[in-house]
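In the part that follows, the structures are each spelled out as structure tokens.
Each of the next two complexes has chain A plus one more chain, namely chain B in the first and chain C in the second.
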Partner chain A sequence: MTTTWTQRGLLLAALTLAALYLFPLYWMYVTSLKTGSEIFATPPAFVPIDPQWGVFQYVWGLRGMGRFLWNSVVIATGTMVLTAILGTGCAYVLARYRNIWIDIALFLVLMLQVLPASLMITPIFVGFSQLGLLDTPRFAVILALTAKTMPFFVILVRATFMSVPSELEEAALVDGNSRIGAFWFVALPLARNGILVSAILIFMQAFGEFVYSKSIIQAVDLQPASVGLNAFMGPNTTEWNNIMAYASIYVTPILAIFVLLQRRIVSGLTSGALK
Partner chain B sequence: MSNEAQIELVGVDKHYGQFHALKDISLTIEKGAFVALVGPSGCGKSTLLRSLAGLESITGGTMKIAGEVMNGVPPRKRDVAMVFQSYALYPHMRVAENLTYSLRLKGTPKDQALKAAEDVARTTGLSQLLGRFPRQLSGGQRQRVAMGRAIIRHPKAFLFDEPLSNLDAALRVHMRKEIRALHDRLGATSVYVTHDQVEAMTMADHVVVMRDGVIEQQGRPLDLYDKPASRFVAGFIGSPAMNFVPATVSEDGQGIVLDLPGASRLSLGRSLEPGRNVSAGLRPEHLTVTQTQEAALRLPVGVVESTGSVTYISSDTDPEITVVVHGRSPLSAGDTMGLSIAPENIHLFDVESDRAI
Partner chain C sequence: MDISQTAIADRRREANPISRFLASMRDGRGFDILLVAVPLAFLIALSGLPLVYNVVMSFQQVDMFSLGTFWRPWVGFDNYVAVFSQPETWPILRNTVVFVVASIAGQFLIGFALALFFTMDFPGAGYIRGLFLVSWVMPGLVVGAIFNWILAGDFGVLNYVLKSIGLISENIFWRSDIAFSLWAVIIANVWLGTAFNMILLAVGLASIPKDLYEAAALDGANAWQRFWTITLPMMRATIGAVVSLGLIFTLQQFDLFASITSGGPNNSSNVAQYWAWELSFRQYDFARGATISTVMILVVMIAATIYVRSTRHEVRG
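What follows is the complex of A and B.
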């Protein structure tokens, strides 16, 4: 009796928190469908009286949103791949060796996580401009983002590798594999889940990135969707429905990916590849 | 068994930074021998085994396997198979793939590898399980897969790292016999690490007792039991453990006086320097309970524990003396028991060096 009530109470609390957290998302979808006057009506309507479904098509055509989204995909994919390739090896080494230098390296990696993007962008911009990287702005953003997402990825994937017993690799060595072979055919397949999940999280993070893209990419046709969204904003913005429609188109794919992979992401984060 | 040396270690040293894990280890293992490395945890037995496998590099000495110097040779080129304590089965591979992994690495054709897997599965009783994943197996079955993975390779040597310690007691006794039978059938050279002296004594042809990175003594199991070279070996081999009592050599040099209540004298059958302080080792199974008046020792009984087949009697003295009696004993706590021991069963150790006298 008591336990069921406790459980119900906790469930209610969880649902309330989820509702609070998800309300802005709901409000985004609802606002995008409202007419101009309905948006500013008091009290606000929770369901639009006259849904404007045409707004999505209008916004899509308005500023070449397909191109913005494509740029977002390019930047996010590039960041994810580069982070995964460089970070996996790094995480593996940090997981397998234990000495003072590894501790120092881990500390530095965590330090990098602390630095905010808005602080880093100025030196990055100056450096990249010296190196001529600004001529390939999307690549420059991928590089900058990779540096930013790397600590997060390394910490997560390191934990995954630590859950793979090193005896398995030793068995592979004795069975006739080389050191690299043992990593490639034993450690890597067993850490696959953790790496995949971390890579997806990096993708989502990079897909929504704004500061680096806004600062580094000047050419409109190379800008990602986050910067494109910002272009709507002005001192006298009233196009809330268009902005919200744009935002809806932008986040829905990410939400869909998350919902589809949700089970995998949660299990990948909480447990290792084994058992 | 031929006398050809399959594994030869000469003056092997291993340092981990400041820590000296293996100190000047010299050991020859004949082809086809079953050698047990035994000792308390941290004695270096596992390190020695891992060095043989090539998983640890040695910092001094030479290590030969089948006549070839193996210092610095990577594990995959040593042609030794290892069975790990945790079995280390590849969780993402089925039993058949686990068994054939080494063959596939060598480039053995698929059908041949599969046939080999089936053969090995038959000898280890895994035929029905080839399609399963390790997580779907019981502890004993996993153990067999780990063994099968080693057998399939026909290696120069089998290395076992406490392979039975994760099994329950009944299965352990069973697998003990099975591993030994397998060894005899394959005629391979095996090195077996264990902290359990019973395993070492029952399975091995040759037992190597290690402590603090040093070989304390090596020899045939019963030789270690009969003639322990040091107090450590004497206490380690045998169960229940040997009783140690401080003693003094008597004035005529023909006996010892134990530092126990009643100043009990035991005759030795040999002569030593009178007045010398020694440590006397008396195995519980060598002490016999006799009529009190004929006994060399008369001790108060502390605890009597009976398993039905044997009875363990502990004396109420310091140090405590344990006696093993076959069958049952009429004695109970508070009684006085008389004990005697044959002179040849008394082990004496130097108080300073702990070496046998």
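What follows is the complex of A and C.
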């Protein structure tokens, strides 16, 4: 009996800690539902008195969020697909062999993973402008972003491939499969879940990307939601309810994906990040 | 019968270089080399070349007229001399150090405390712990927007809470007071990174054999002694990896600066990675932007080398 009570106490403490930690998220949703005058009330109301459910539709139209979110989806999807196509094969080979060349390639990949985007954007921008890539700015962002996200993807997916026994592929070769066949029909299906979770992580990362888009995409029509949010937050803004509504619309899909796939994301991350 | 046919096929393959090439693509190492060569070529083109180009630009005179050509006037170390003789350089570098040290300390200590708490056995521990990671998957700009509002001077909820519990008597203008602007970004960054630290540290804690604790408890060691003599020594490798990852991620932080303070007021919250972008894309001084970038990339690479070396056995799997 005593253990149960201790456990209940611990559970209560854990829920309190989580509530404290996640308070900023709660505050975002609550603020978005308040009226323009209620947000400046002292003391602040922790539950809105008169929830303004219309705010989301209002802000969606006011800021043209459909276009911003579409651009975010285009950039995130393009980055995810390109990263997955290029990164999966790379991760597979890096998991299957072990020699000096593989060590060098791994070291290269790890090194490229750590380069801060805000420092790399200067040469990338100048180089892209010389190559004429700035005429297709969303494509340019996808290219630059793929180079940024791929090392992380390779590290995660490599960990997945290492848990697939290579004996299965050897068996497939003995059974008359070609090398491509063994990769395509044996290794890939077995690593499918790990690849999928890593790809979703890349999607979420690219969906929130800011510095490349801000620097490369000048036309407002082609900018993603992160740049739109930045433009919405002027230095002396007072419409915090509208800004929080924008933020809520932007972040809710990501939170939904995260809550649905939480277990897989956490385990995928922990298996790859420290290895 | 079968064997002789294969032998003939093999001989034919050897005779024809193209079909031998195709065969190796399908059956041999050629396929593997192709799988790894294309992505690496892509990475070298879009990360390696910009890296080299960055260094080259830091030794050139770059302006609007020479932006379109690769052959710009060579100026040697002029850009470096110019950057390091600017009055704002040293305060910004000092800010960078404060930002990195305070962020890592905050993220690590809170993350470690939470990780230890969640090693205790109670229902739902794993699920609740996982919920903390939402801070990590959120777009940086959204986190910045929320903290902008929480930290607002007149109507921010943090000031209200601090006043209610009697910690402060006057509102703190977190974003516009030069004494606090950097700390506004640090608070947001600690919130952002704590969960990631916690998860990695929790993995390390889970790998410590339980019988060590049981043996120590039998010997009469209390919880405090067990922490110092078992937990910390066993976690040394994990802690090293987490701290160097923290350094790498903290030096990548840009979104929070862009959304909370824009480096202001008067550069009081500016750090090197934001300043480099500001020089290039606000003042269009690409040469100086490249110069700061080169210096900072060097710092990051040194940190990364330490990280790779400290986790070397794990990297090789």
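Simple rule for what comes next: the second predicted complex is superposed on the first by the 246 of 275 C-alpha atoms of A that agree within 3 Å, B and C clash if a C-alpha of one lies under 4 Å from a C-alpha of the other, contacts with A are read in each partner's own complex, and residues count from 1 in each chain.
Note that in this section a contact is a pair of C-beta atoms (placed from the backbone, for glycine too) under 8 Å apart; a residue touches a chain by one contact, two chains touch by 3 or more.
Quick caveat, the model's predicted, so the values are computed rather than measured.
**Q** In the superposed arrangement, does A:Leu261 touch chain B (first), chain C (second), both or neither?
**A** Neither partner.
**Q** Report for A:Leu11: first if it touches chain B alone, second if chain C alone, otherwise both or neither.
**A** Only chain C; A:Leu11 stays clear of chain B.
**Q** Tell me the contact category for A:Val73 with respect to chain B and chain C: first, second, both or neither.
**A** Neither: A:Val73 stays clear of chain B and chain C.
**Q** In the overlay, answer first, second, both or neither for which of chain B and chain C A:Leu62 touches.
**A** In the superposition, A:Leu62 contacts neither chain B nor chain C.
**Q** Pick one for A:Lys214: touches chain B only (first), chain C only (second), both, or neither.
**A** second
**Q** In the superposed arrangement, does A:Ser178 touch chain B (first), chain C (second), both or neither?
**A** both
**Q** More chain A residues touched by chain B or by chain C?
**A** C
**Q** Does chain B (first) or chain C (second) touch A:Leu168, or do both, or does neither?
**A** In the superposition, A:Leu168 touches chain B alone.
**Q** So which bits of chain A does chain B touch that chain C touches too?
**A** Shared contact residues on chain A: 178-179, 273-275.
**Q** Residues of chain A touching chain B in their complex?
**A** By the definition above, chain A touches chain B via 165, 167-168, 170-179, 181, 186, 189-190, 273-275.
**Q** Residue numbers of chain C touching chain A in their complex, please.
**A** 26-28, 31-36, 38-40, 42-43, 46-51, 53-54, 57, 62, 67-70, 114, 117-118, 120-135, 137-143, 145-150, 152, 154-155, 157, 160, 164, 191, 194-195, 199-200, 202-204, 238, 241, 245, 248, 251-252, 254-255, 258-259, 262, 273-274, 276-277, 280-281, 286, 289-290, 292-293, 296-297, 300-301, 303-305, 307-308, 311, 314-317
**Q** In their shared complex, at which residues does chain A touch chain C?
**A** Where chain A meets chain C, its residues are 6-8, 10-11, 13-15, 17-18, 21-22, 24-25, 27-28, 31, 39-40, 42-44, 86-87, 89-90, 92-98, 103, 105-127, 129-130, 143-144, 146-148, 150-151, 154, 159, 162, 178-180, 183, 201, 204, 207-211, 214-215, 225-226, 229-230, 233, 235, 240, 243-244, 246-247, 250-251, 254-255, 258, 262-263, 265-266, 269-270, 273-275.
**Q** Going by the contact rule set out above, which residues of chain B touch chain A in the complex?
**A** It is residues 53-55, 74-76, 78, 80-82, 84-86, 88-92, 101-102, 105-106, 135, 149, 153, 159 of chain B that touch chain A.
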